[in-house]
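The two complexes that follow have subunit A in common; it is paired with subunit B in the first and with subunit C in the second.
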Partner chain A sequence: MNLANLLRHVSLKHVRLQKAQLVMAMAGICLGVAAMVAIDLANRSVLCSFEDSINHITGRATLQITGAESGFPEAMLERVQNVAGVEYAVPVIEATASLSGGRQRALMILGIDVLQDHQIRDYSITDESADIPDPLLFLARRDSILLTRTMAAQEGIDIDQQIEMQTVAGLRTFQVRGLLNPAGPARVAGGDIAVMDIYAAQMAFGKEGRIDRIDVSLLPGENFDTMQERIRQVLPAGYSIDTPAARTRQVEVLLSRFRKSMGFISCMALFVGMYLIYNTVSITVVQRRKEIGILRALGASRAEIFRLFLTETLLIAAVASLLGAGLGYIFARATVDLVAQSVSDMYLRTSVTELAFSWRAVLGNGATGVLASLTAAILPALAGTRLTPASAIRSLPYSAESSLLGRKIKIASALSLLAAVVIFAVFESAEPASAVRSLGVIMASAIFLLLGISLCTPLLLRRIVPLCHGALAACFGAQGRLAGLNLQKNVSRNGVAVAAILCSIALFVSSANAISSVRRSMFDWIDSIIRADILVSTGHPLATGGSPTIPMPGDMQQEMEKVAGVLSVEPFRKGYLNYEGKKVLLEIFDVARRLEYCPAMITQGSREDMLRLPGRDNIVVNEGFAVKHAIKPGDTIVLPTPAGPVPFGVTAIVVSYTSDSGAIWMDVTTYRRHWQDQLVDTFEVLVQPGRDIAAAREAILARFGGERRLFALPAAEFKVEVQKMLDRSFVLTNAVNILTLIIAGLGIIITLLASVLERTREIGILRGIGMQKNQVSAVVIIESILIGAAGGALGIATGVLIGWIELEGVFRLDFGASITYHLHYGAMAWAMLLAAGLSAMAGLYPAQRAAATNIVEALTYE
Partner chain B sequence: MSRLRIWDCGWRICTWFMAAMILFGNTPAAQAMTGREVYEKVHEVRTKALDRQTRATMTLFDRGGGTRTRTLIEYSKKGEGETYKVLVVFQTPPDLKDVGFLVHARSFADRDLWAYFPEFKRIRRIPTSSQDDSFFGTDFSYDDFGGPPNLDDYRFTILREETVDGMACQVIEVEPKVRRKWSRYVAWVAKDQWVHVKIEYYQDKQLYRQGTFSDVRIIDDIPTPFKAMMENVKTGHRTGLTIEEIRYHTRFDDDLFTQRSLERAGK
Partner chain C sequence: MIELRNAGKTYQQGSREVRALRDVSFVINKGEFLSIMGPSGSGKSTLLNLMGGLDQPTSGEVFIDSRPLHGITDNELTLIRRRRVGYIFQFFNLLPLLTAEENVGLPLLLDGLPFSEVKPRAAALLDKVGLKERAEHRPEQLSGGEMQRVAIARALITGPAVILADEPTGNLDSHTSEEIFLLLKSLNDQGQTIVMVTHDPKAAAYGSRIITLKDGAPDQDIVIGGDNP
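Up next is the complex of A and B:
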C-alpha cells in the first residue's frame, strides 16, 4: 500500500474527527520546543553580547595580559613592549561609572593610551571614526571624556558640555570633548561606554601608576605559544596571558552552570511534551484499532502500519515544532532582558541590545522536538502493529497493559532507577577536580530517576488505586467509585497522564526545595556575616548590573567614625585574582574587628585561627575553594600579588556563598601591604547602642552626600534585597516549570477526552439507567482530579529526591558541606493543589462532552 | 675662400650653439636632475634650517567653520652628522600652555618622540610608528615637525614641471620604500628655492591630505615659507601655520632639548 494514499485517505479522516486532540498534542510539542528555543536564544544573546563586547574592546589584540583585579604596575608595559615579536602593546583600564544626573545611567569607562591605541583598536581621536574638535585639548586635560554618539543623543549631551560622574574622589565634572561614532569599542554595551585617556582614567578611578590590562598584537608569523612563553618570562608569576577567545571562554565557563541549568529545565519541558505525544499516539492506536484491523486485512504489512503512525507523528511534530520555533522566538524576545538581568545579578554586568537570532538554534531545537516526538511515538506505534486483524475488526477490547505493564517495562524501570543510583554514587565518590563531577552527570542521574519512576507509574497505579476504592466511595459516593474503577480500567493510558504530571510537579518541587535550601543557608550565612547596621557604598551593595560601585578612599573610614551616632566603621574591599587559571573572589576586611561582633561560620579551624590573619601572610578560604583545590588548614598556597607571587598560609575554612569559583578572606592590613591599594568598596557601619539607625544613616549621607553619591543601606533592607535578587534569578525557572505544568494539563485533557470517547456507550447506559448529567460530569472530573492527585503525590516524592540530588551534586560543589537540605512544605502543598486543581480544570471540557452525550446515539455507538 | 667658408661655417655652428645655450641654457642641466637630486637640494635647505627658533600661530578650522587658535615656540638644533633635536612648546590657549613635544633624531631614519602634558606631569613616548599620525589633532603630522627625512627610504620620480603662484616647480612623486600611512605623495618643489610649495598625500589612489606653503622669504640665506595650510580632505578639517618670527643659526645648548627641559616648557 502506498504511504501517501494511506495518509490521504486514512490519516486525514482521523485528523478531521479528532481536531481537539490533535491541537492539544501539537500544543504540547509546540510549547516544549518554544521553551527550548526561547532559552537557547536568550542564553545565546547574553553570550553574544559578552563576545561582542570582548571583540570590540579587544580590537586587533591577539594576546591580553591581566594581573590582579586592582590593577598591576604600569612598568610591566615597557617590559612587554620590549619582548621580541611584540608589534604593539597598549595599556587599558576598564572601570564602571554612572552619570550623576537623569537616570543615573551606568557606563563602562575604557581608559586607553590615545596616542597609541589606534594601533590595536579601530578608531583614532583624529580620524573620521570620531568627532573631536580639539584632540590636543582632549589629551591635555584630565577632565576630558569621549562619549558615544548613541549615548549622547539619548541623554541630550553635546560636545563641550559638562557631565558629572562618580569617581574615586567623589562626584567630578568632566568635559565631553568629542563623540565616538558607533564603531569598534563604541558599539560595546549598546553605546554605554566612554573613553578617557589612560592617565586621566587612572586619576579618576584611583589607579595611579597601575593598569588593568595590556593588549598585545604580534608581528606577522609569530607563534602564540612562543610569544606567551616569552612574555611570561619577563613578567612576575601570577599574570595571565590569554587570547581574547580565551576570555570569551572564561565567560562561557562562568555562565556554563547557568546556561546548563536553564537548558536542563527547557529539556524537561520537552520531556513532558514527549509524554503527551506518547499518550496521543497510544490513544490514537486504541481509537483506530478497527481501522488498523481492516488495513491489515487488506494486506497492509506491520511495517506499513508502523510507518503510517510514525509519518503521522512526524508531520504533526514538524508543524508543531515549526510553530514552537516561532513561538520560542517571541518568548525569547520577551525574556532576554530577564535572562540578562539574572546574569547581571549573579555573574557579570551585561546589557543585551539585540536578540542573537540563530537558524541553527531554531532549527536544531525544532529538530529535537521532531526527534523527541518520533521517539515517543515508537512504542505505541509498535503496539499498533501487534494487533491481529481479526481481533481489531471485531473491536475486541484492546489494552496497552501488555506493553506498559509488561516485563520489559518493569526491567526498563528498574534499570533506569539503578542507573540513577549508580551514576549518583559514581559522582559522589569522584575526586572534586574530576570530570565526572559535572552538571551533566548529575543531570543524567536526575533524568534516569525521573524516567524510572515514570515508567513504573502504571504499575504503581495498578497497586494503589484498588486500595482507594473504599475511600473514594465514602467521599464521593457512586461517582467516586465509578471514577476509581475507570482509572483502574485504563491504568496504562492514565499512567502516562500521571507520569506527565509527575514530571512537571517533580521539577517544580525539586526547584522549590533546592531554592529554599540555598535561600535559607544563604540567609543563615548573611546573618552570621552582616552584623553591621548600615552598609555604605557608592553603588548598590548588591549590584553587578545596576549602579556600579566606584571605590572610595580608605581614609573616609576615620571621617565616618566621627559622624554622630556611629560606633565603628569597618572597610570592605573585594576583587578577583587568578588562581590556577580560575578567577577567585578575594574579600578583604578588618578580620579582628569583624570577629568582635560577627559569629563567622567556621567549618574547619577556630576563631583563634582566624585571629592569626591580621599582620601576617595568612588567609582563610571558603568551603567551595577548599573542596575544589583540596586545601585544608595548615596548607600554604601561592597567590599572585601585583609585586609577584606570595605564599599565604591557610588558617581556617569558612562558609561563604559569595562566589561560585571560590572565595578567599584576607585581612585589610595584609592586602594593603601587598596590593598597595587603599581603596574601599563598602563601609560597614555599627551604630552606637540606643541610637537611631535611620538618624545615623541620614547623618552619614549629610556628611558625605555632597562629595559623592552614596548608598547607605540599612542591613535589614540589604537582606530583603538579597531575597529579591535570589527570587529574580529563579523567575525563569519558575516560568518554565509553569509551562511544563500546562503541557502536563494538556496531557490530562487528551487522556480524559479519549476516555470519554471510549466510554460513550457506557456513559449512554449510565444516563439510560437514570444517571444525571451532573453526575456524569462529576465522574469525569473526579477521575481527572485523581489523575492529578496521583501525579502530584508521586511528583512531590520524586521532586524531593531530585531536589536532594541537585543540592548534593550542584550546590554542594559550589557552596560546600555547610549547605543543608530544607523541604519547602509550602511549595509542596501548592504543588499538590496545583496538580489537583489543574487536573480538575483539565477535566471540565471532557466532563462537559460526557454530560452532553446523547443517550440514543451513545447506545448505538460502536 | 675655402678657409673662409670653413671658418664661417664654424662660426655659425658656434653662434647657433651659443644661441641655443642662451635660449635653453638651464634646461639641459635641470632636465638632467633626477628626482633624488631635487630632493637632495630640498634636504640641504631643510638641514640648513635646523638650527632655529620659531614663534608661530596655528589655527585649526573645522568643517563647520569654527576656529581654534594656538601659539607655539619651536626650538631646533643640528648636531653631528644626521643628528638633530627639536622642542615644540605651546604658549596659548591657557588650557594648552606648556604642553610640549620633543624629538631626538639619531639619524634621519631613527628618532625618538616624546610629549609632555603638564596637568598629568608625565612625559609620554610617541611611538615611531605614529610619525604619520596627526600632530596633536592638527592636520600636520609628527613627521612634518620631525625634521628632514632619510632620502634612502624613498623613491623619487620627476613627473613634470608646473608653475604654482608664479613659481616654477618640479613636480615630483615620492614613494616610501617601507609601509607608511600614505602610499605616495606628490610635491611641487620651487626650482630656485628648493622648498615645497604644494604637497598632496595619497592613500593608494585617493587623495587624503594636501597642503600649500606660501609667502616664501629668504631669511639668513634660507628660503622660508611663512605660511602653510594643511587640509585633511576626508574630514574637511584644515590647519594653518603662520610664522610670526624666526631666527636661524641659534646654536642652542643641548640642555634645552632634554626631557627635564620638556617638563619645564623649555625654561
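Up next is the complex of A and C:
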C-alpha cells in the first residue's frame, strides 16, 4: 500500500515532469522489443507458410512417402497400396511452372490421380467448364488444368480460356477447366497453385514413369509406427515415410541456423536496450538521491526504495514493451517479404501471403523486454538503497563511482572475458559432430566478450581520458578541456553510454567483417569455378531466388552446342537429398570437362582423384559436409537413390559455398545412371575464342526462344546477381544493426541530458563569468562526440574480435577452413564516423538545454 | 525518553580516521526542549543523526523510549524513524514535486494510509502552523519560513515521541527565525519533546536545557528556567 502511495504521489510526478528522459528510455526498450517481435513474427510466418503448404497439400493423408528429389518409379505405388492397413495411397507430382504472359507468375503444379485423389484432398470448384459434367474427370485430358479462383481473378483468366505455361517440355498451352475455391490445396502459396492430371504432369515436367510422392491414409485403428514399418518393408531402402508434422520439422531444422542467427541479432537490439535502462535508472538514482535520503529519513525502508525503483521500471518497461510489440507487428509486416526472400535465396523457395500473428510471440517477446529491463534496473536500484539517509540528504559524494569502478566489477569483467575465451576454446576443441559446436555456444562466447569489455569500459575511460586532456585543449580550447574533465568526472555514467555505443558498433563491425569475408571468399570461389561465358536456365540462375527454374531436357545440350559461336556446353543439375536425416545439396555436372578449364578448389585429394568420378560410384564433398560428418577422402558413404541406397566413395574434399547444410558433387553420368533423371537446371556455355559473347547469347535465345522462355546470363551479370543475393540476405542484419545504433544514441541523449541537468549550477557559473551560449553548447557536443568516439574505437576493436569468432564458429563450421578473415576497412571507418556523428546529433538537444540555462536561477539553485 | 550511553561515531575519511563523537552519555526526558550547541565540526549533527536513527553509533548505545537504536535491523530502525521521530532540517528537505499537503502527509503515506485519510490530518497540521491556504502549493512557491513550517507540520504528523531539529533556522532571516522558535516553543509547551541543534546562543535559550559539545564530547550541560530570552 505504501508502495502504491509512493508511486502515486512521487513517481507519477516524476513521469509528468521528466517526460523527455522517460520517452527516450521507453523508446529504447520499445525498439528492442519491436526488433525481436518483428523478426520472430516474420520467421514464424515463413515457417507457418511451409507448414500450411504441407498441411493443405497433405489433406487427409497421415503418411507421406518420398524418395529422391527427382522422383521415384511409379511401380512403388502399387506396392504401398497392397500393404495391409492402407486405406488409400495416391500418387503426387509436385513441380514448378510459370505463366508465360503477364508478370510470368510462378505457380506450383500439383499432379494428381483425378479418380482417386478426392479420397485424400477436397477440391471445391466454383466455376466449371460449360461442356463437362465433372471437371475432375475432364482433367484426364492432357491439356486440362484447374486454377485457383484467386489467381484467375488476379491474372484476368476466365474459365475455358487457354493459357501458356513454361514447363520442362517447353512452352505448353493448357485449357482452364475449372476454378478452385480457396480451400484445401487451393490455399497453398496464396493460391499460386494449379492442379493437373498426374499423367499430363509427368509428360509436361519430364517425369515419365516417375512420381514425387505417395500420400497415404490409414484404415481406422492402424498404428503409425506399425504402418511405417510395414510400408518400409515393401520399399527399397532410402525412402522416407514421414508424417506431415515430421516434414514440417525437417524444414524447421533446415531453417534453424537462419532463425537462430536472426534471433541473435534481434536479441542484441534488446541487449543494447538494457544498457539504456541501466543508464536511465542509474541516472534517476543519482538525480533523486536527495529524495531517497528524505524518504529514508522519514521512514522508507531500503526494500521500499528498491521496490519503488523496480516498480517504476516495471511500469515503464511494460508500457514500452506493449508499444514495442505493436511496432514490431508493423515492422514484421514490412519485413516479412524480405525474410521470405532470404529464405528463398538461401534455402527453399517460399512465398508468405500473410503474417502469422502469434500472441505467444508478441507477449513472449514483450515479457522478455520487461524482464530484461528489470534485470538492468536491479544494480542501480540496489545502489539507491545503499545510500545512507544522512549522506544523501547532505548531498555527500555519491558512491556510484566506486560501485562501477569497484573490485566486483573488475572481477565480473575478468570473469566474462575468461568465460568468452574458455567457451571458444571448448567450441574449437570439440568434435565437429558434437552438440557443443552449435551456434548457441559461439554466440555465448561473443556475448561474454561483449559483456567483459563493456564492464571494463569505465576503467578504460578513467585511464584513457586523462591522457587526452592536452590534445582536447589544443584542438578545442577551453571547451575541449572542460568536455574532457566532464567525461572524466562521471566515468561510471559515461561508461555506460560508451558501452552502449560499443555494443552497437561492435555488432555493426563484426557483421561487416564477417559478411566481407564470406563475400570475398565466395567471389574468389565463384571466379574459380565459373569459367563459362553464359549461363542458360529457365528461371533465375540462382535456383531458389526470383523466378523459378524449371528444368530443361538434357538433350538440349547437343542442340545448344550446334549454335553458332558456342564452343562447348555443360549441364548442371542440383537437388536435395536426405543424408542422416538432414537435407544435403547434391550438385551434378560433367566433372571431367569442368576440370579441363576450372581449377576446382581442392582442399584434400587431387585433380586425379576428381577425375576418378565420371562413370563410377564416386563423389566429392565440400568442407562443411566433411567437417559435420567427419568424412575424409577414401571413406564410403551411402546415399539414397530412386533404386535404393548406393555406397559412394569419397575421393576428395573441395571448397563449395552453395549450401550451409553441406554439398555433394557427383558426375552427371553417375547421377543419370542411378537417378534416371535426364533433366538439367542450367547449361554453362563456353563461347569460341574471339567470338562475341552477346552474339552467342542472342543466337541461343533465338534458337530456343520459340520453345521456352530462357534466361541467358553472361557470367559477369551472374556474379552481380550473386552479389545482390548476398546483399539481400544481409539487409535485415544491417537494419537491426542500425536500430541498435539508434538505441545507443538514445542512451547518449539520456546521459548528457542528466549531466546537463546536474551541472545547472556549474553551467550558471560559467555563463556568469562570461561563457557564451554557443561555447556552453560546444562543451556538451564535444563531450558527446568523445563518448561516441570512445564507444566507436572500443566497438571497432571488439567488433573485429567478434567478427573473427563469428567466422570461426558460424561460417567456418558451415563452409570449411577455406574462408579467410578479411577486415572491411571501409565499414570500420564508417562505423567510427557513424558513432561520432550520431553522438554529435544526440548531443544537440542536451546542448540546447545547457545553452538555455537561466543564469540567475542556476546560481540560486540549491 | 532518549538515552545515550558512551555513544561514539568514527568515520573513515580516506586513510584517516575521524572521531566525530566520543563517549557521549546523557538522558533526555519527556517534555524537555534540549538545545545542543557547539562550534562547526563539534559533532552536533552527528549526535542528532544518532538520536534520530539516521545513523548508527560505532560504539556505545542509544535508546529511544527504552528501545535500543543500535544492533537492530535497518527495517526496525526505519520504522522507528517513521513513527517515533519527527525531523526538521536546515534546508527543509521537502520533496519539490509534492504539494505542501502531500509533503506533510508523506510519513503516513509511507505507512500505507490512503491519501483520503491523510489529507484531513495534514490539512489540520498546516492550519496549526498557519499555512492552511498554502496546502496545494509546491515548495518552490513557498517562502523559506513557509517551507520550514511545512517541515514542522510533517515532523508532527505521526505524533512522534521527539522532534529533532537540525539548525532549523540556519537558512532563514531573523524575523522568520523567531516565528519558528516560537512555534517550536509552543509545541514544547504542549508537551512535545524537542531536541534542537544550533550554534546560535540566542536560539539555544528557547530550550529548557543546553548541552554544549566540544571536539565530539559534551562540554557543558545546563538546565535553564525555560523562560523566553
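The definition used in the following text is that the second predicted complex is superposed on the first by the 843 of 862 C-alpha atoms of A that agree within 3 Å, B and C clash if a C-alpha of one lies under 4 Å from a C-alpha of the other, contacts with A are read in each partner's own complex, and residues count from 1 in each chain.
Keep this in mind: a residue touches a chain if its C-beta (ideal position, glycine included) is under 8 Å from a C-beta of that chain, and two chains touch if they have at least 3 such contacts.
Since the model is a prediction, treat every value here as computed from it, not as a measurement.
**Student:** Per the contact definition in the header, classify A:14: touching subunit B only (first), subunit C only (second), both, or neither.
**Tutor:** second
**Student:** Go through the superposed model and pick first if A:119 touches only subunit B, second if only subunit C, both, or neither.
**Tutor:** first
**Student:** Does subunit B (first) or subunit C (second) touch A:228, or do both, or does neither?
**Tutor:** The answer is neither, since A:228 touches no partner chain.
**Student:** If we overlay the two complexes on their shared chain A, which of subunit B and subunit C does A:243 touch? Say first, second, both or neither.
**Tutor:** Touch partners of A:243: none, neither subunit B nor subunit C.
**Student:** Taking the superposition as given, does A:142 touch the first partner, subunit B, the second, subunit C, both, or neither?
**Tutor:** After superposing on A, A:142 lies in contact with subunit B but is clear of subunit C.
**Student:** Tell me which partner A:5 touches in the superposition: subunit B (first), subunit C (second), both or neither.
**Tutor:** In the superposition, A:5 touches subunit C alone.
**Student:** Please work out whether A:676 is in contact with subunit B alone, subunit C alone, both, or neither, and reply first, second, both or neither.
**Tutor:** A:676: touches no partner chain.
**Student:** Have a look at where A:200 lands relative to subunit B and subunit C in the superposition and call it first, second, both or neither.
**Tutor:** first
**Student:** Tell me, which parts of subunit B touch subunit A in their complex?
**Tutor:** For subunit B paired with subunit A, touching residues are 60, 62, 66, 68, 70, 90, 95-96, 99, 115, 117-120, 122, 124, 126-127, 129-130, 133-134, 136-138, 234-235.
**Student:** Where on subunit A is subunit C touching in the complex?
**Tutor:** 1-2, 5-6, 8-10, 13-14, 17, 290-291, 293-304, 388-390, 393, 862
**Student:** Provide the residue numbers of subunit C that touch subunit A in the complex, in ascending order.
**Tutor:** Spelled out, the residues of subunit C in touch with subunit A are 49, 52, 54-55, 74-75, 78-79, 81-83, 87, 89, 91, 93-95, 97-98, 102, 106-107, 109-115, 154.
**Student:** Along subunit A, where are the residues that touch subunit B in the complex?
**Tutor:** 88, 113, 115-116, 118-119, 124-128, 132-142, 199-200, 203
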